[in-house]
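Several structures are given next for inspection.
Here come two complexes built around chain A, the first alongside chain B, the second alongside chain C.
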Partner chain A sequence: MKKTNKMSVEQVHTWFEVLRFASAIFIAFAISFIIISFSIDSPFSAMKNLFIGPLTSFRRFSTVLELMIPLTFGGLAVNIMFKANQFNLAAEGALFMGALVSAIIAIYMPGPSGLVMVFAMIAAGITGAIVCAIPGILKVKWKCSEMVVSLMLNYVMLYFGTYIFNQVARDPNSAYKASYTFREGVTLSNIISGTRLHSGIFIVIFFVIATYIFMFKTKWGYKLRVTGSNINFAKCTGIGVAGVIMSSQLIGGFIAGVGGSTEMLGMYTRFQWSELPGYGFDAVILNILAKENPAYIPVAAFFVAYLRIGADYMYKQSDVAAEIVAIIEGLVIVLIAAVAFLAKLKHKMTTKASKNLLESGGAQ
Partner chain B sequence: MSGVIDSIFSTTFLFSVIRVATPLILASMGAVITSNAGITNIGIEGVMLVSALAGVLASAFGYGSWFGFLIAILVGVICSLVIGYVSMSLKADSVLTCIAFNTMAVGGTVYFMYAVVKDKGTTIALNSGKLPSIELPFIKDIPILGEVLSNHNIVSYIAILMVLLVYIMLYKTPLGLRIRSAGKAPNALSSVGVSLLRTRYIALGISGILGGMAGAFISMGYVTWFSKNMTAGRGFIALAADAMGNSTPIGAALSSLLFAMAEALSYSLQITSIPSELVQMLPYLVTIIGLVAYAIRKNSLDKKKKEHIVGE
Partner chain C sequence: MMSNKVILEVENILKVYPNGIVANKNVNFEVHEGEIHALIGENGAGKSTLMKILFGIETPEEGRIILNGEEVKIENSKKAISLGIGMVHQHFMLVESLTIAENIVLGNEPKKLIFFTDKARMLKSTKECLKRYNFNIDVNDKIEDASVGVKQKTEILKSLVRGAKILILDEPTAVLTPQETKELFTELNTLKKQGHTIIFISHKLNEIMEICDRVTIMRNGTTVDTTFVKDTSKQEISNKMVGRDIVLQVDKKPAKRGKVCLEAENLVYVNGIGKKALDKVSLKLRKGEILSVAGVEGNGQAELAAILTGMIKPVSGSLKINGIKIESLKPAEIRKNKLVYIPEDRMVNGCAAKLSITDNLFTNKIDYFLKKGNIFLDKKKINKQSEFLVEDFHILCGSINHQVQMLSGGNIQKVVAARELSEDAEIIIAEQPTRGIDAGASELIRRKMVEFRDRGAAVLLVSADLNEVLELSDSTIVMHNGKVNAYFRETGNLTVEELGYYMLGVKKQTETEVNAIL
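For the complex of A and B:
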C-alpha cells in the first residue's frame, strides 16, 4: 500500500478545530487591540504588557495558578450540570455559600485543624449541592425555567449569605467588612514559599480526574450523557431521567461548594466577600472553551487566569482598565460556539481531503 | 411595623411602585416579543446596561438628554441585532451567546467608563442629562389618583404606552402574526414564504428598542449617572415577568408591577429594624415564588386539560 501524505477526514477535522480556536483567539485580540488603540496612545506596549504580564515575575505566574483553582472548580461544576442539558447558573451562589459555611466552621469548630478542614469542605459541598438542587427540583417537578430561577437564586444567596455573615461571623472590631479570623492552623498549607499557591491545587486535580472518570468511565456518567443529548431516547431506554438530572445538579453543586471552601481556606484568613465572586459565570465560559470536556477545563482555566493576570499587569503599567478581558473572553467564546464560523472552509477542506483519499484509494 | 403599613398604603408608595416598575415593564415587553418569536433573550440584561452607559455618554458629550435617549435606543437595537447575528446567522447557542454578551457588557461598560472618566465606579463626575418629568393635565388635580399618576418621568408614560403598542402589534397586525408564528409554528411561517430569520431579526430589533429605553430610564431618569452593573439583574427579572405573564404583554406588565411592588416595599422596609440584607433579598425571592406559583398553576391546568380530553 502506497503511503500518502494526504490527511484523513478525521485529521482534517482535528486540524480544523485547532484552526478555529486559533482564529477565534486572534480575532478577539485584534478587536480588543482596536478598542484599546482608541483610548490610549501606546496600544502596542499595552498589548505587550497583557501578553507578558504573568511572565514578568515568578510571583505573578504563581497568581495565575492560584486563580486557576476556583475557576477550575466552577468549570467542573457547570460542566456536570450543563451535561444534563440544564442551564443551571446557580454555581455562583453555591460557591459563595460554600465559602461562607466553611468560613463559619473554620472560625468556630473545635478540634484538630485537619479534621475541621475536612468537615468544612464536606459541609460546604453539601450546602452547594442544596443551592444547585433548588432550580433542579423546580424544573423537574413543575417545569420552572431553571435558568431564570437560578439567576434570581444567586442574588437571594448573596443577600441571605450576607445576612448570616452579619449575624454569625462578622468581627465588629474589623475596620472593613470581614469575619473573625479562622482558627490557628485551619488553612490549606502553602506549597511554594514566597507565593500564595496552596495545597488546594491537589484537591482540584483530584476533582478533575474524578469528574473525568465519572463522566466517561461509569454507568452514571453514561446515563447523564445520554439524558443530556437526547432526553426522549433516554426515557425510552428506561433511564430515570428526573433522577439523573437531579443527581447531576447535586454533584455539580457539591463541587462548586467545595470550590468555595478551598478558595476560602487556601487564600483567606477571614471571610470578606461582599459581592458574588463571579466564578460561576466564568465557569460557563470555561466549559465552552474546554469543549465541554472536564479534562480540558484546567487548560481553559489556565488561559482565562493568564489573561486576567496579564490584564491586571496591563492596568498597572499602561492604565488600560483590566475589564477589557471581559470583551476578549466574550468574543472568543462567541466565535468558538458559532457553528457557522469558518464552516465553508471546513466544508472545502473536508471535500478536498475526501477527494484525495478517493484518488489514492483508487490507486491501491 | 405600623409605620410600614401606613407607608404601603400611602400615595408615595404607589408612586414609587410605578417608578420602579418602569424599566421592568419596558424590558419585559422586549422579552415578550422575543419569546413570542421563539427566542430566549437573556441578553436583555446586557442590552440595558450598555444602553444605560451609551445614553449617559451621549447626553454628556452630545446634544442633551433626548439625544442620549435616542442613542441609547439605537445602541440597544445594534446590540440586539449583534446577538441575533451571532446566534442565528453564525449559529452559536443562543443562551451561550447571551451569557457571553452579558459578561462583555459588564466588563465593557466598566472599560469604557474608565477610558472616558478615569473612574471604575460611576460617571457621577459627568454632567449628563435627565429626561424630564411631566405633570398630567386634569389627572393631577384628582385627589389621590393625581398624586400617584402625575409627575412621573416621561419614560414611565412611554412604558405604559408601549404595553398597549406591543399588545396591538402582536395581536392586531400582520407583523405580530408573523412574530407569533415564528415562535409557535416556524415551518408554517416558512411555508407561506415569510423569512423566519428576518422575522426573528425584526423581533430582536424591537426588543432592542425596548431594552434601550429601559436602560436609558435607569441612567437618565431613575438617577442621572451610570454606575458599574447598575441594572442589577433587572433584565433577568423582566424575563421572569415574561415567563409568569405567559408571554402576553398584559400579563408580563402585571407581573412586572408585582415584582416592582416587592422592590418598592424593600425600600420602605429599610427604615425599619428588619436587617437590610433580608430586605434587599425580597424582590428576587418574590420573583422566584411568583414563578413557582405560576408554574404550579399552569401544570395543574395542563393536567386537567389532559383529563378532560381523556374523559371525552
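For the complex of A and C:
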C-alpha cells in the first residue's frame, strides 16, 4: 500500500520536472521572441529559422553533433568535480592545454598515426589532470577556494599556452595565427562523408558510459558522492576525503584534456585557438540542465548545441544577432535553477496525489 | 486554574510536505484553558509539524484552528504571537552577545529619543516581569555566559512579555539537569496558576505523569487519544504511542568486564577560543562494559568523543587501543580497530542527507560490499543488507532508495545506528545515541548496545540523559569543566539527584577516587 503511495508522488514529481523544463523553455523563447520583434520586421520567420535551422540540411544537423562532442567532454569533466562538491572551473584551462599538447604531439611525433593519436590523447589527459589538480592541491593543503583559483588559473593557462604555442608550434608562414599543420594522417577519421563529423563521437560515448559506471557502480564513485554530499560524514566514517577530492579533480581534468585533444584532432588540422574555447564554462550550464547526472549530460549538450547552430542559421538567414541565444540559454537556466519556480503548483499536485491515496485506503 | 473552557481546538488538520510525506492527517485535539497539556508521540508522529502549524511556521493544507471560539488563520509566527501563542523551541533563538534583559525586550524595546534603547525602563519592566512570574535570574547576565536552564527561562519570558497566553514548549527538559527540570516544573505550575495554558511536548513519560493534566497521544501523523493523566498509566500511554507493547526497562545481566581495550591518558584539548575543553582526562574502557560519560553539555564530552574517533587531535596526552598508540591516526585508521562511532549530530557527521538510505548504510564498510576485483559495488549484496537493516532497526521508509533527508529525525538516527552497530564492532563510541528520538527507537538502540556489551564489546556512552546513563551503564564518569569530576565503578547504586550534583560541580570526588578508574 505504502509503496504505491510513494510511487505516485514520485510520478507527480517526475511529471512535474518535465512540465517545469518545458515551461522554462517556452518562457525563454517567448521573451526572446519579444526581443527579436523589436529588432526586425519578420520575427516569425526568424524564430522558425532558429527552431528548424539545424534540420534544414543533413550537414547542418551534423554540426550539432560535432558541437556536442567538446560540450559533453567539458560537461563530464565538471560533473565529476561538482559531484565531489568542488566548484573547480579549471576544466576550461585543462581543455585548452590538452588541445595544445596534443597539437604539438601531432605535429612533431614520428611513428604510425594511430599510435601518435593515442599518445596525444593520453598526454593531453595527463596535462588536463595536472591543470585541474592545481586548485585541488591548494584546496586540500591550504583551503584556498577552488573556484577563485581555477577561474584565475584559466587565464594563466591561456597565456602560458599561447607562449608555448609561439615558441614551439607557430607557423611563421601562416597568414593567420596558427601552428604548423599536423602530420599527414594524424586526424580522427571522418565517419560520414560530406560532413565534419568525426570518430571522436565514439570516444565521447565511451566516456559518458564510463563516467556513469564510475559514478554509480564503483567504490570510487561512491566515495566521491558521499564526500560531495557531506564531507564531515565521509571523514567520520573513514573515507580519506583529501584523496577523494584530489582524485576527482585529476579525473575531471583528464577528461577535459582528452576532450581538448579529441576536438583538436577531429576538427582541426592545425592549432589556432587564441582564446579560451569556452567549453569548460558551458559545462556549468550543462550540469545545471542535467541536474548533475552524467547520463543526462549528452542530452543537455545536444540541447545547447542545437540552439547554437539554430541561432547561427537564424543569424545568417534573418539578420538577427546570434547573441539572442545567450539570452535564451540564460533564461532557461535561471528558470530551471529557480527552485521556487512553479513550486506552489507542484505542492498542490503533491497534496492531491497524497490525499487521493489516503482516501483510497493507501494510508501510511 | 484549569477550567473546562476550550481555549484552542484543532480540527481535521492535513499537512503534506513538498516531498509528498503526509505529516499530519485527521489531527483533532483541544486544549483547555489553564491546563498543562502533554503532546506525546514517536518521532515522525507529527508532533513538531502540528506545533509548527500552531505557531505559523507551516500552513496546513486543510483543517481548522479555533482559538477562543473563533476560527483563525495563522499565516506566520508574528500572527501567532499577536494571537497570544508563544513557542519555546528546542534550539534556543537567542542573541548570544546580548544580555538577558535585552533578549527579552528584543524587537519592542522601550525607546528614548526615538533611536536609543531606554535601559532603565527596560530593566525595570523585565524585573517586574521576573517578579510577577517568580523567575529567579539576573537579567544583566549575557546569554553566552548563561546556563542552558537560564537560557530556557529567558525564552519563556520572551514569550510571556509578548503576551503569550498559550505556551508551546518543545521538549523543554531534553537539555536540563534534574535540578533545572525541577525548577522549570515549579515555574510552569506558577504560570498555570496565573491562568496560562501550556502545551508540553516530551518523550519522557515520567515528566508527563508528574506535571501534566491531560495528554494527547499521536501516532503516524494522527491524534490517537486524549485522556486525563490521572486516569491513565505510563504503560498505557506508551502502548498507544507505539501501537505495541514496549519494555520500558532494558533487561541487563551484570557486566563481565574483560581487559582494557581503550586507554586515554592525560588528554588535553584547547578549543578555538583558547579554552581548555579537556584538561588532563584519563580513562580506561574495558571489554564487556558500558562506561557512560555523563555531564551537562559543553563540559568536554563532545571533544573527548571527537578525539577518541580521530576527528580532532589532542594537544597532549596519549591514546591507545589494545595497547597500540592511535592519537596521531586518521579516523579511517582508527576504525580499522573495529571501533564504530555514533556521532552526536546526525545531520553533520552521521549521514549524507541527499543520498539514499541504502547509500547511507554501508559507508563505513565499503570493502565488504564489493564484487570480485574490489572495484565494483555489489548492488545485490548492498540492497539485501539494506533491506535487512531497515527491517531489523524498524526504519520507517517508503523505499530503501529514498533520500535520507525525507525521513524523520528518529528514523535518520536509526539509519546511523543501523550502519554503525551492524558490524562485529569491538569498541562502540556512542554520543547521545537516543537524543530527541522516541521511546521505541531509543529502546531499540539501547537494547542493541547491551547486546554488543554482552558479546564482549566495549561501549563508551556519552549521554546527557541521566535516566539512560543509570539504566544502561555499568560504570559512570561525570565530566565538569573539561575534567573528570567523578568516577563510579558501579552505576547501580547511583541516583539521578546524586549525578546531578556532580554534573553541576556542586560535589567533587578526590583525585584518588577518580583515579580508581585507572
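The criterion applied here is as follows: the second predicted complex is superposed on the first by the 354 of 364 C-alpha atoms of A that agree within 3 Å, B and C clash if a C-alpha of one lies under 4 Å from a C-alpha of the other, contacts with A are read in each partner's own complex, and residues count from 1 in each chain.
As a convention for this text, a contact is a pair of C-beta atoms (placed from the backbone, for glycine too) under 8 Å apart; a residue touches a chain by one contact, two chains touch by 3 or more.
Not measured: the values here are computed from a predicted model.
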Inset, instruction - Mind working out whether A:Val149 is in touch with chain B, chain C, both or neither, as first, second, both or neither? - result: first
Inset, instruction - Identify the partner contact of A:Ile27: answer first if only chain B is touched, second if only chain C is, both if each is, neither if none is. - result: neither
Inset, instruction - Examine A:Leu55 and indicate which partner it touches, taking first as chain B and second as chain C; both and neither are also allowed. - result: neither
Legend entry - Which of chain B and chain C A:Tyr159 touches, first, second, both or neither: first
Legend entry - First (chain B), second (chain C), both or neither touched by A:Ala210: neither
Inset, instruction - Could you say whether A:Ala295 touches chain B, chain C, both of them, or neither, answering first, second, both or neither? - result: neither
Inset, instruction - Tell me which partner A:Ile126 touches in the superposition: chain B (first), chain C (second), both or neither. - result: neither
Inset, instruction - Pick one for A:Leu19: touches chain B only (first), chain C only (second), both, or neither. - result: neither
Inset, instruction - Once the structures are superposed on A, label A:Ala234 by its partner contacts, choosing first (chain B), second (chain C), both or neither. - result: second
Legend entry - Contact set on chain A toward chain C in their complex: 2-3, 5-6, 9-10, 12-13, 217-220, 222-223, 225-226, 229-230, 232-240, 343, 346-347, 350-351, 353-355, 358, 363-364
Inset, instruction - Would you pull the chain A residues touching chain B in the complex into a rising list? - result: 35, 38-39, 87, 89, 138, 142-145, 147-149, 151-153, 155-156, 159-160, 162-163, 166-167, 281, 284-285, 288, 320-321, 323-327, 329-331, 333-334, 337-341
Inset, instruction - Please give the residue numbers of chain C that touch chain A in the complex, ascending. - result: 14, 16, 18-22, 25, 61, 220-221, 309, 311, 330-332, 334-336, 341, 343, 348-355, 359, 363-364, 366-367, 370, 374-377, 379, 398-399, 402, 419
Inset, instruction - Over in the complex, which chain B residues touch chain A? Could you list them? - result: 40, 42, 86, 89-93, 95-97, 99-104, 106-108, 110-111, 114-115, 120, 232-233, 236-237, 239-240, 243, 275, 277-278, 280-281, 284-285, 287-288, 291-292, 295-296, 298-299
